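The following pair of complexes shares a single chain, chain A, combined with chain B in the former and chain C in the latter.
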Partner chain A sequence: MRSGSKAMRSISAGPVLVAVIVCAVVVTTLVRIEDQKLLVVELAAIVIATLLAMKFGIADKVETSARHHPWIGRASIIVATLAVLSVLREDTFGLLMLATVLLYVTTCIGVTIQMGYAGLTNFSAAAFVGTGAYTAALLDARHLLPDPLILLSGGLVAVAIGSLLLLPVLRTRGHYAALITLAFGVMFNVFLDASDSLGGPQGLKVGGINLLGWDFSNDLHLFGYEFSFYVNYVLLASVVASLAMVLAAILDKSWIGIWLDAVRLDETTSAVFGLNIGRWKILAFTIGNFLAGISGAIYAKMAGFIAPNNFTLSDSLIIVSIVILGGIGNRWGVPPAALIVILLPEKLQFIQEYRLLLYAALVIGILVARPGGFLERRTRRFDLATT
Partner chain B sequence: MSTLAQHLLNGLMQGTIYGIVAMGFTIFFGVMNVIKFSHGDVLALGAFGSLSAVLSLQPLGLPPALQLLAAFAAAILLSGAIGALIARTLIMPLREAPPLNMLLMTMMVGTVLREGIRLFYPGGTNPQRYPELLPHGGFSVANVFVRYDGLILVFAGIASIALVHWVITRTRLGLAIRAVAEDSEVAQTMGIDFAKIIPVTFALGSLTAGFAGVLFGLYYSEINYGMGLLLAIIGFSAAIVGGLGNIWGAILGGYLFAGLQTLVVAAIPSLSDYKNVVAFVVVIMLMTWRPTGLLGEGESARV
Partner chain C sequence: MTGILLECRGLTMRFGGVLALDGLDFTVNAGEVLGLIGPNGSGKTTFFNVVSGIYRLNAGTIHLEDSDITHSSPGSISAQGLARTFQRSRLNLSLTVFDNVVLGAYRQVHSGLWHNIVRRRAFHDEARRVASEARDLLAVFNVALADRLFDTADSLGMIDRRRVEICRALIGHPKLVLLDEPSAGMTIDETDAVMDEILGIRKAFGDLSVVIVEHEMGLIQRVTDRCAVLNYGKKIAEGPYREVSQDPVVRTAYLGHT
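After this line comes the complex of A and B, so read on.
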């Protein structure tokens, strides 16, 4: 016990600070660099550096350091985000990309809670994102609610639609449950395409966000600098994504996380030990859909236009790919995986056309060679909780 | 009256295609307890393979019957080979993995095939016209006009189902397949080469998909790179509604799904755009009512 606390004091906050700075630089350069050859070189450097960091235990050092200095880690992430934003302040397209990545992170955290924690298959995440987006578009057109409530209703309607699937999802298992979400995802798309009141294949227009007088469509002027109005959306999206990460962390570290693990690993045994399987599955499914719905609502208001094409089965598969590539069940794997999967095809023009093909091949490779993903989820270590 | 008959023939054709696809799903599930979601895209690949075979033979001016033969041969060979290849290189090494990983992996294989057709088939992004190789015209019975080609295709489809059923129940190969499905370890101790039977079974299941792909092309006169996705989901639904691992259940599920679609189109024409929505809602409701399918095995682990 005593030696443990001594070791704790001697662990420095250095590694986590360095890691956050490196990540900020990587994100900024990935967004800024336009030259295709330079980008490829940077990507190669990132891959090599990551492999080396894993091989020489630097990744572990960062992790230990982050665990012992949680508040330094969080504060440095906030400062780094602001720093990245101030560098990219006029890069409209880059900011739009960053906000999109952050919304994907929010959705993928939801899917991580569903698939990674509770073991519920969800192949219709894009449909729940779409539910949130269309809710925002419909409410926006009628000017009935202020924007914060519109965003919230995006999440709530996704939960409501999802609750229609609860009974089928709870009664079935494995492949049968997978089919239900698949069928729902396809159904949602066919419905949108056919529905005239929802704009059919042409989609709907949506207005920008106005949060209690803070109009997101205006450029910002701070400290004598001009910021593109997309900075507003990046800020909102990073707040929402951070809240989603915190929520996942709270779930994971609480008893609920352990119960979810038990339900995922063996339903029958969990039930024998008195766990209410249905209750925990409902909780995970609801939280996941809520996060998807909220990010959909923000996406709709940010993009200004939504169509059925934004929410197809391929998009659901991209979301699941992010979760798998990052390491299923590991929430820290989500942001880097989302960054790679969403940003890369936008930056590297020559892979744009081939991106689905590449992701699909990459996921096949991962599933065959390293089923745990790039950053595999750690097994729980209960000794850490006692020291 | 004649529109009703037209709906009926249409539904029969769709049901036959769905039934063949569902039969593939159920064969794969039977031998290895896996869902091979790339099945629909193997179908599309077979259809595109047959299309390029027909188009490349066209300058020779062969009679339609020979072209038809070439189309079926190309589709069956291509889809059978790709099915065996997927089984050998991807599905067998992963057989100890969690079912979700396997489902996801085969979904991604399907995506690779689908995107491959879109990107590498000339003009693959656009729908391709499929040549009409069957005799035109038809005959009238009691004021109902029946197209020859529709009739031929429905019979061909049903014959192919019967043939696969015969292979599985009446031949030595079928005996081996059923033995592996029953208990692969005991089958191995009886001298059945597991590593050989699995790819052969997957080839058998996949070539039926290629066959169905040609039926689809001949009937609708148009194929596109994404056609396999919806067919896979419908075929998967049909197999599951019938009860996985049960061939008759799969075929029943296929006709049931087509029947639902046809019913919606015939009874409420204003909802015809929503026919798949209605059919999927019914499928989800059926599965909530009978979680292991209509003809499926019961569930034992209930706590």
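After this line comes the complex of A and C, so read on.
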């Protein structure tokens, strides 16, 4: 017992700090490097380094270290984010990319709760992102609500539209439920294209965010440096993505996490012990759609313009492939997977036309080599000894 | 030993052309251990699935104590004090022993969003309480198992998995437990050990009633107060094992015409 607690104390925070610094450098260089050959070299280096880190137990060391020093981990992530932003402060395109990745992270955490926790495959996530985006655009045009409420409404309307799907999704299982969401995603797109009041194929214009007097459209001047106005959006998206990650973490480590797992793994046994299957599926579906809607609303205000082709079936498939690549049910797999899937095609021009082909190959490759995804889901173990 | 706990009248369950239960009458008295035996396909597991609410009856009524549970959902039947195990182990193997056992305590813990997400201290207090309850219960069966509360279920041997399943059924303090072939996949010695453990803690659970479906007749003979024999969805005999086992109708059902 004593040696155990001694061992706990001696676990250093070093590995997690090093890992955060490495990740910050990797993100910064991935965004900064323009030279195609150099980028390919860096990618190869990342892949090799990751494989070696996994082979020699370095990844496990980082994980143990992070588990024992959660607050050092969180603080270092915040500091690293600010450091990355100060380096990238004038790189408008890079910052836009980064904010987009973070919004994808938020949506994918929502899909992780739906798919990874409750087992509800959602092939219409982009439709819920789109719902949030169009909600923001419509509310913005009427100047009825302050921006924080507009963003919130994006989430709430996505939940409301999602509830239309609840009945068919709850009455079906597995592949059939997945097919319903797929059909909905396609219908949503056709509807947007045909609807004149939503701008049809031309889409809608949206104004930038003004968060209680903090105008996101102005460049920032801090400590004598000039920051592109996109830094505002990266900051907001980081906060939202972090909150989503924390929510997913707490949810997993609660009774609700166990009930969602039980519903996913064995509905009959769950029902025999009194679980209301519908209630837990609805909860997971609702939380996931809310996160998708919020990120859609932020995306609309950041991009300034939205159109139906931002929210197509292939976007939904990209979201699902991020969740699968990262490791279904593991929230830490989402950010790296989102970074690779969203950033790479933008940076590597020669693969742009083949991006869906590349995702498909990547997903198949990962599923063959590591069926659990890049970071496999960890077993839930409550730490009940400490408070 | 007074009072009827479970009373079933005229249970009829049809699967297409097959009559799995054919007007079955069945009672379980409070505090008794009842054996349910019969050849393969005689309707034993169907009976369990009907009583626990998984199947919808074609005809008949089921009463648990004073309430009519004929058309109740599995969840509300479990809320009224009925728990069961399954013939084939139905643990969630990728989850820990704790996660599996706690499923049986679903109704005892707070499942609200606020409690689970915001009031983390209260949640942790509750989790600690449930964990120590689960540990105590597991220790009754196997002291070593109590220390493996946070190991995954797939790391356990068959006998410990069965114990976990039984603990999952017991942690909700049911009045009636249905055990579907507790010996399946285990040796006779292992089955005996597990049954002794169950009978040992029955008293602590306020004279828990148990219905056992079993093919292992030695076990039925040893642990049951009374037996009911099914064949083609009908009850063909009822009484203490030694009487039932001598019944010519029962012998014919098991062995064919001799």
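Everything below uses one rule, namely that the second predicted complex is superposed on the first by the 377 of 387 C-alpha atoms of A that agree within 3 Å, B and C clash if a C-alpha of one lies under 4 Å from a C-alpha of the other, contacts with A are read in each partner's own complex, and residues count from 1 in each chain.
Rule of thumb we're sticking to: a contact is a pair of C-beta atoms (placed from the backbone, for glycine too) under 8 Å apart; a residue touches a chain by one contact, two chains touch by 3 or more.
Source: prediction; values computed, not measured.
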Chain B versus chain C as contact partner of A:258, first or second or both or neither: second
Contacts of A:272 with chain B and chain C, given as first, second, both or neither: both
Contacts of A:367 with chain B and chain C, given as first, second, both or neither: first
First, second, both or neither for A:191, with chain B first and chain C second: first
Chain B versus chain C as contact partner of A:180, first or second or both or neither: first
Touch count on chain A, higher of chain B and chain C: B
Common interface positions of chain A, toward chain B and toward chain C: 268, 271-272
Chain A-touching residues of chain C, taken from the complex the two chains share: 52-54, 73-76, 78-79, 83-84, 86, 90, 92, 94-96, 98-99, 102-104, 106-107, 109-111, 113, 116-117, 120-121, 123-124, 127-128, 131, 150, 152, 168, 172
Chain A residues within the chain C interface of the complex: 247, 250-251, 254-256, 258-259, 261-262, 265-266, 268-276, 283, 379-382, 384, 387
Residue ranges of chain B in contact with chain A within the complex: 29, 35, 90, 93-94, 97, 99-101, 103-105, 107-109, 111-112, 115-116, 119, 229-230, 233, 236-237, 240, 244, 273-274, 276-277, 280-281, 283-285, 287-288, 291-293, 301, 303
Chain A residues within the chain B interface of the complex: 115, 119, 121, 123, 165, 167-168, 171-176, 178-180, 182-184, 186-187, 190-191, 193-194, 267-268, 271-272, 313-314, 317, 320-321, 324, 353-354, 356-357, 359-361, 363-364, 367-368, 371
